[in-house]
Structures are given as C-alpha cells and as structure tokens.
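For reference, the structure discussed in these notes is given below.
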Amino acid sequence: MKRTTFVVMAVVAVLFLLSWIFKAIALKGTAEHYWIQGFLITFAAFLTLAVLSFLYKDNPFYKFAEHLFVGMSAAFWMCLGFWTTIVQNLIPRLSSSLSGFFEVPTIPGDYNFFFYIPVLLGLLLLMRLSPKGGWISRWPLAFIVGTTAGLNFIRYLRSDFIKQISSTFVPLFGTDWQGAGHFFSHLDLSATGQLALIAANWLIFVGVFTGLIYFFFSKEHTGWFGRASRVGIWILMITFGASFGYTVMGRVSLLVGRITFLFKDWLSLIS
Amino acid sequence: MKVILGIVFLAVLLTCSVAFAQTDAMTPADSTAADTLSPPAPPTDVKAVDTPNDHGHSITVTWKLSTDDGGGAKSVSHYEIFRSASPTGPFDSVGTAVAGQTIFVNGGDKEKQSEDYFPDDSNFYYRVDAVTMNDSVRSSSEIAGPAHAYGQWYNTGRTPVLVAVLLFMILTIYFVSRARKGQELYVRPLGGIEAVDDAIGRATEMGRPILYVLGLGTAADVATIAAFTVLGRVAKRVAEYQTDIIVPTYDPIVMTVAQEVVQSAYLDAGRPDTYKEDSVFFVTQSQFAYVAAVNGIMLRELPATNVYMGKFYAESLLLAETGAVAGSIQISGTDEIAQIPFFIVACDYTLIGEELYAASAYLGREPVLLGSLKAQDWGKALVIILAIAGIVAANFGWTWFTHLFKVAN
Amino acid sequence: MAMKRQIPFALVFIFGIFMLFQYFVPHESSEWVYEFLLDWIYIIGILALALGIWSLFRVSVDKIKTKKPNWVYSYVTLMGLFIMTVFGFTAKTGDSWGLYPVFVITFMLALFMLIQVLAKPASRNLYGLFGGAFLLAAVLIAILDRTWGFYFMEAKGLQNSMFRIFFDDVMMPILSTMFALLAFFIASAAYRAFRARNLLASLLLIAALIVMLRFNPYLPYAAYVAKVSNWLMNVPNLAGQRAIVIGIGLGIVATALKVILGIERGYMGKG
C-alpha cells in the first residue's frame, strides 16, 4: 500500500476510535447499551462521510461503503421478499401442512391450487442456470411480458389518449358561445378576468398542438411544419425547466437533513 | 285629551298582548299538529333491476318521487329501502336515500365469507318507504321485483376504449402490411440514434468498454422492453467491433432477458464465442445501492460511452453526472417526465419520451417497425383532429360529442 | 424448434389479448383471472430473485478468483450479503442473546472459508478443512444454545433487532447520503448546461430558475416573480406535459401492441 494511503487510513482509524469513545461517554446516562450505540452512530457518520468523499474522487472508503451497501441491500430485499410474499401470501394458499411448518395462518380460498402455477413458472425460470434447458425459461418470460403488455396497452390508451383528448376540450371563446357579435361586445378586458383565461386556453392549445408536431417522425420538419416543431420544442424545454426547478428544492432539503445528522446527532454541535 | 290617548294606547297594548298570547297558545297547537302528521304520499313506479356494467352482486332500485317530496305537504325527509327474499317479507332495511333522490344501488361483496355478501342469481324484492321527520310516520310503496343480480359480459361504458383499440390495431396492421409490401417510409433524423454508431466506434478506438444501463424498471414496463430492443442493436454492433459491453441490471428478470438479448446479438454478428457471460450481471434490487455500484463501475472501468435507456427515477442525475465527470459520451432515453430534464442537462444526447419508443425502428430500419411508427404518427394526427373537433363542439355547446369520450368506471 | 420460439410468442399473444379483453368484461370470472395473473407475476418476480443473488455471488467470487481490480472489496460485498441473510433468518427466543454473537462469528468464518474454497482452488483442501470445523462449531452452538433460534415463522427474522439495526445504521445512512449527493450534482449539472450556451438548454435553465425562486421572499419584485412562475407552471408547463404524455402514451400503446402481435421480437433472443 502506498504511504499516503496508509497514513490516511491510520488517521481515520484513530478518529473513529476517538469518536466512538467520546460518543459512548456522552450517551452514558441516556442509553442502555451506550458502547454499542456509540459505535453505531460513529459507524453511521463514517459511512456518511465515506459516501460524501465520492464528490472529491473515488477512494477506498467509498469503495468499502459501496460494496457493503450492495451486498447488504441484496440480502435485505431477498429476506423481505421471502417473508412478506412467499411466507405470508404464497405458502398459506398452497398447503396447510406447509403453513403449519411456517406457523402462518392458512388463507382459505376456492382456487388456491392455481397458485402452484407461478411456483412452476418460477422453477422454469430457474432452469436458466442449466446449459441445456435454458430455453424453457422463455415461457415464464413470455407470460410476464404478454400479460403486462396487454394491461399497459389498455391502461395507457385510456389515460394518455382518450382522457388527454377530452381534457383539451376547453372553451376558446368564453364559456357560452352566442355568436361573434355577442362575444366581442361582452369581452371583459381586465387582467384577471375572462380575457386572461381565454388567452391561457389558447396558449395551452397552441402548446399542445406544436408539442405534438415536434414528435412527428414520418414527416420532414421543414417550412411551416418545421417552425411549428421549433415552437413545440421550446414549450417542451420550458416544461422540463419547470420540472427541474420544482425537483431541486426537494433535493436540497435532503442534503440539509444529512448535514443536520452530522452536526446534531454525531458531533452534537447543534441541539 | 292625554288621558283618552293613554287609555286608547293601553287598550291597544292589551289587545295586542291578548292576540300574542293567543298565537303563543296556538304554537303548541301547531306542534301537536306535527305530532299528528299524516303519512306522505308513497313513492311510485318502483323498479328493481340488475346494476349494469358490473361484476354482479348489485341491484339498482329506482322510483318516482313522492308527491309530498318538495311539493304538496313537503313532509318527506328521506326514503328507506327494504329488501326481502320473498314478496311477502320479512323485509330488512338495506339503506336510505335523501329526499330528492330517485336511485339507490344495493350492492355487496362477492366473497361468500364476507359479512356484506350479496349473492348473484337470487331473487330479491324491494320496497321503498317515504319517511317524514318522525320516523314512524311513513308510507310504503308497492313491492318491486323479483330482481336478481348477475355479472355482465360487456361493459358498455367502456366502448370508447374499444373503439380506440380497434382503431389502433387497424392502423398498425395497415401500415405494417404496406411496409411489408416494400413501400419506402421516411423518418426524420434523431440526434441520439445517429450518435450510437459513432459512440461505439469511439469506444473501440479508445479500447474502452460501453456501459449500458437498462434502468430501474422491470420486464413488465414497456420502456424496458424498448430498451431491450435498443440493447440488441447496440450489442450486435459491439460484437462486430469486438468492444466490451457492461450491462449491470437492477431486476433479475431483466437480467435474464438482457443475457438472452446480448447472447443472441453476438450470435447474429457471427461471434458467439466472444460473448462473455459476466458482461450482463445482477447488482441489487435497491435503488441507491444499484446507483452506487454503477457509479463505481463508471469511475473504475472508465467506459467510453454510457447508454441509459428505460425507466429511471431520482437516481438519474447521479448516474448522468458521474458519467459526465468520468468523461464518457452519454446517450439517454426515458419516458419518466420528471427525469428527462436531468438527462437533457447532463447527457450529450437525450431521447425524449416517445423518441425512446421510436428508437428500435430507427436502429434496425426494418420496414415493419417503420410502418408501426407511421401508425403512431397517425395516432397523434388523430389526437389533433379530434381535439380541434372537440373544441369546436365545446364552444358551440354540442355536448353529445364530448360525451363520446367519457369512459365510465 | 417450435418449442423454443413459437410457443413463447404464442403465450405472449394469448395473455396479451386476454388482458386486453378482460378490461371490457366486468364479469366475476374475468376479474378473478385478472387478479390471479397479477399475483403470479409478483410471485415469479420474487422467485427470480434467487437467480439475481446467484449472479451476484458468482460474479463476486469470480472477481476474487481472477484478481480483477478492486477484488478485495468483493469480500465486503459477500460478507455483507451473508451477514444480512443470517440476521434475516434468526431471532431471539427469550430475552438475552446468549451465544448468538459467537454463532454469528463462527458461521461467518465458515462462509468465508467457503468463498476461499471457491476462489482459490489451489489451497482448497486447507480452506475446506477450516470451513468444515467452523461450520461444525456453528451448528453445535445452534443446536445447544436455546436462547435464540432459526426462525421461519411470522417474519421473526425481520423483527430481529440486529436486522433492524443494520438497516437503520448501515443502509439508511448510505442511502440518504446518496440521495443528498443529488443536491451537489444538480448544481454541477446546471453549471455545465449554463456553459453549453445553446438556446434549448438556456430556455430550460431560465424556466428552472423562475420556478426555483418563486418562494424566495428576499428577492426584489418577489410577488412579480411568484406570479410569473405560477403562470409558467399552469400554462406552458401544462401544455408541454400534455404533449409529452400523449406522445409517450402513443409510444407505449404502439410498443405494447407490437409486442402482443409479435412484430417486436427483440426481447426474446434467438436460438
């Protein structure tokens, strides 16, 4: 190992120990297992700083935190999936003797035996690991892809096509049309009045129209079509900008949360 | 004079108070009149029918308002609906409806074990009572029935969607068959797609791998399926140029499909033996652990090109920024609207929304896929036409047109 | 040959069309098949996790074996994986932990020896011997010590305090810090976009800036900025959102249809 690496690691180790000792002493009155608590808070702070060090450059502390996180989270989701879905939902439906072994209440139902099918499909999927029988793992894949394709087809046709069309049915000439003469003679020119609403509706309509034109693939974007397409992408960029700005505030508050942890829970500099 | 006025004033006062006392005496008489309210006119024309467009287990009861509801004696406060399995009773109350309402849906659970179970195909009889403020003063309607609940086989409220489905299928099949017959189809240039080839060439020159991130979706997400087809094309070129490809995956089923896709691409390119099994691997199913690992790969393997296609969430910026810092060319495509701005800002080329779905047609230039792209464009044209028609209809008050697009639940 | 390609595509078509028509049939029988199918997909997904964990294990062992760069950290991944799994399937029976820490240490050492056996075939026998010894010790402790046990019931493993502690004090700090990194990255991304100086990126940033500043009371003309940003969110943003959503919806619908009809075949692989 290089000398600087060794020195840095030694320094970090010493700081870790010091932090552990101080934290444990600080918690002596309040927590039951204060040595363990002290260690845990120190370790959490260490991991936080290790991840933050990523901003500077890749380093052994970040690598350690990253690899630890990957291994632990994979096992975490496996355990969670096993307990909540397999043991609590699937096994009670399959057989009462298995439910007895796992000591979960059986879920009664008329067609529970159908639940053997996903188990079978899951096993077919695991056949992937065998070099010869790998092709049969396509069947459960086909089932999943086909079912969700059908589901998504209908769902998005309804929400992103039909519903969106009907949302564009907004009045462009005020809420009751009684002829051009009536419209112009009764036009309210105040900023917050009818005119502003009508202008907004017009702008929305034009925005949707040009935005859709931008997404046309099979026609060349030249001439008037091209100009409309340009306006469309500008509107889209404004949309994305608004979304960007909206999300930024949320992210900053997360950072504040982490810094609060470091300064309040670990270093106790703020109360 | 004053005395006479005083006496007249007193007399007036006295007569007023007597009259007042008499009216006071009259109000108790009014309340007793309320006690002896006469029963209101009963609701008429009670009908009980199976609730339409449902899975059964529900009967709808309708009636005509009692003449004393809002009119006449105005004494009806609510209606109570009774149900029995036989026309002679006994009748149990199943619910109430406020005055002015003429419809009540008597529904229940489909599970036999449930307390609220409502059996199908059993005859029920209904009676509607018009009830006054005083619960015991009421009048009953005629018995309606028998009616039995059953599930419908077609939900008529969803017909607009069926029309749309058929329209789409027809459009797609039409354009695809036209394309199969050899008709040329123009598609406008997409920056991100054209960059893919150059990016792979760059990677080969620099001797560095290509990183392909399929996103955090499952094989069920259509965006991930679109990403698979792009992966197939990219992997084929990668196999031809003999560059390395790294595909870290978030979902095990996505990993399985990706392995198949990449392996087949190598087979297609004529180099099945150069396929490395570890090029497609599972990382973890935790969002930020996955990102931490992919960031690590970016900083250590230093890929020349990063391709992000599929479903991404909050981690999109972490990936794209790290890749930018590592100096890779980045091409992204996602349909998550909230993440597109981050990709636009941090990546060199971004496929926005629908462009991701068009990508597979662009990369393969297969007539069949280009044909389906034309159908998509016609879909958009249809939206514009129908929107304009609808706005015209809305402005002229032709509500029948807007009702065509209402989909019942 | 038909089995390998045709049957999967037939399955995709059958299930896709079924889900499509299921939407229009409110009858009970179609409803419960729909619910079944969705449950099945979920269950298959959980079972597939075994494939994923196996892949992670194999790749990590391979890295150690072939001494790829940073191979040391693969030990960290594997240890993290193992320890979380152990915690996820064991729990206290009584009040105290007894010899549980000893069990954990011996069991982890046994698993460590297992990794060594797989990764260093040269010294396989030596490692195998040690591994066997540790495993024996661990099993003995498991049988003899009654203060804790292997749990397969009611997700007791999930309630294991060690499982929770490792989640709260190891995984959560890393997770939230990574999320917090986003705040830094947004700043650097915005800076880069600002320097890019093309019209579209500028539009995006200006819109983002307006939306970000809308709640800031210290700005001059704060009320005016708030009004403009409100208008921005409600008019062009709405138009752009609608255009994108319609486009995406059509894209999803077209792709789903292509998958069901078998026009899109790229995801199934060949051979």
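Each chain carries a letter (A, B and C) given by its place in the written order, and its residues are counted from 1.
Keep this in mind: a residue touches a chain if its C-beta (ideal position, glycine included) is under 8 Å from a C-beta of that chain, and two chains touch if they have at least 3 such contacts.
A quick note: this is a predicted structure, and the numbers were derived from the prediction, not measured.
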Chain ID, smallest distance between chain and overall C-alpha centroids: A
By count of C-beta pairs in contact, the leading pair of chains: A-C
Centroid distance [mean C-alpha coordinates] between chain C and chain A, Å: 10
Distance between chain centroids, defined by C-alpha means - chain B, chain C (Å): 25
Rounded Å distance, chain A centre to chain B centre (Cα mean): 19
Residues of chain A engaged with two or more neighbouring chains: 51, 54, 63, 65-66, 69-74, 76-77, 125, 128, 138, 141, 144-145, 147-149, 152-154, 157, 161, 164, 168, 205, 208, 212, 215, 236-237, 240-241, 243-244
Per-residue multi-chain contacts in chain B, two or more chains: 161, 165, 168, 219-220, 222, 225, 253, 256-257, 260, 283-286, 288-289, 292, 300, 337, 340-342, 344-345, 352-354, 358, 373, 376, 379-380, 383
Sequence positions of chain C contacting 2 or more other chains: 20, 23, 41, 44, 48-53, 56, 70, 171, 174-175, 178-179, 181-182, 186, 200-201, 204, 208, 241, 244-248, 250, 252-253, 256-257, 259, 267-269
Residue ranges of chain B touching chain C (in the complex, touch as defined): 53-56, 110, 120, 151-155, 158, 161-162, 165, 168-169, 172-173, 176, 218-220, 222-223, 225-226, 228-229, 232-233, 251-253, 255-257, 260-261, 263-264, 267-268, 278, 281-286, 288-289, 291-292, 300, 314-315, 317-318, 320-321, 324-325, 335, 337, 340-342, 344-346, 352-354, 356-358, 360, 368-369, 372-373, 375-376, 379-380, 383
Residue ranges of chain C in contact with chain A within the complex: 3-4, 7-9, 11-20, 22-23, 32, 36-44, 46-54, 56, 70, 73-74, 76-85, 88-89, 152-155, 157-158, 163, 165-167, 169-184, 186, 200-201, 203-212, 215, 231-250, 252-253, 256-257, 259-260, 267-269
Interface residues, chain B side, partner chain A - complex: 113, 160-161, 164-165, 168, 185-188, 219-222, 225, 253, 256-257, 260, 283-286, 288-290, 292-293, 295-296, 299-300, 337-338, 340-342, 344-345, 352-355, 358, 370, 373-374, 376-377, 379-380, 383-384, 386-387, 390-391, 393-397, 402, 405-407
Chain C - residues contacting chain B, complex: 20, 23-29, 31, 41, 44-45, 48-53, 55-56, 59, 62, 69-70, 171, 174-175, 178-179, 181-182, 185-186, 188-190, 192-193, 200-201, 204, 208, 241, 244-248, 250-259, 261, 263-264, 266-271
In the complex, chain A residues that touch chain C: 40-41, 43-45, 47-48, 51-52, 54-55, 63-90, 101-104, 111, 114-115, 117-119, 121-123, 125-126, 128-129, 135-136, 138-154, 156-157, 159-161, 164, 167-168, 200, 203-208, 210-212, 214-215, 232-246, 248-249, 251-252, 254-255, 257-259, 261
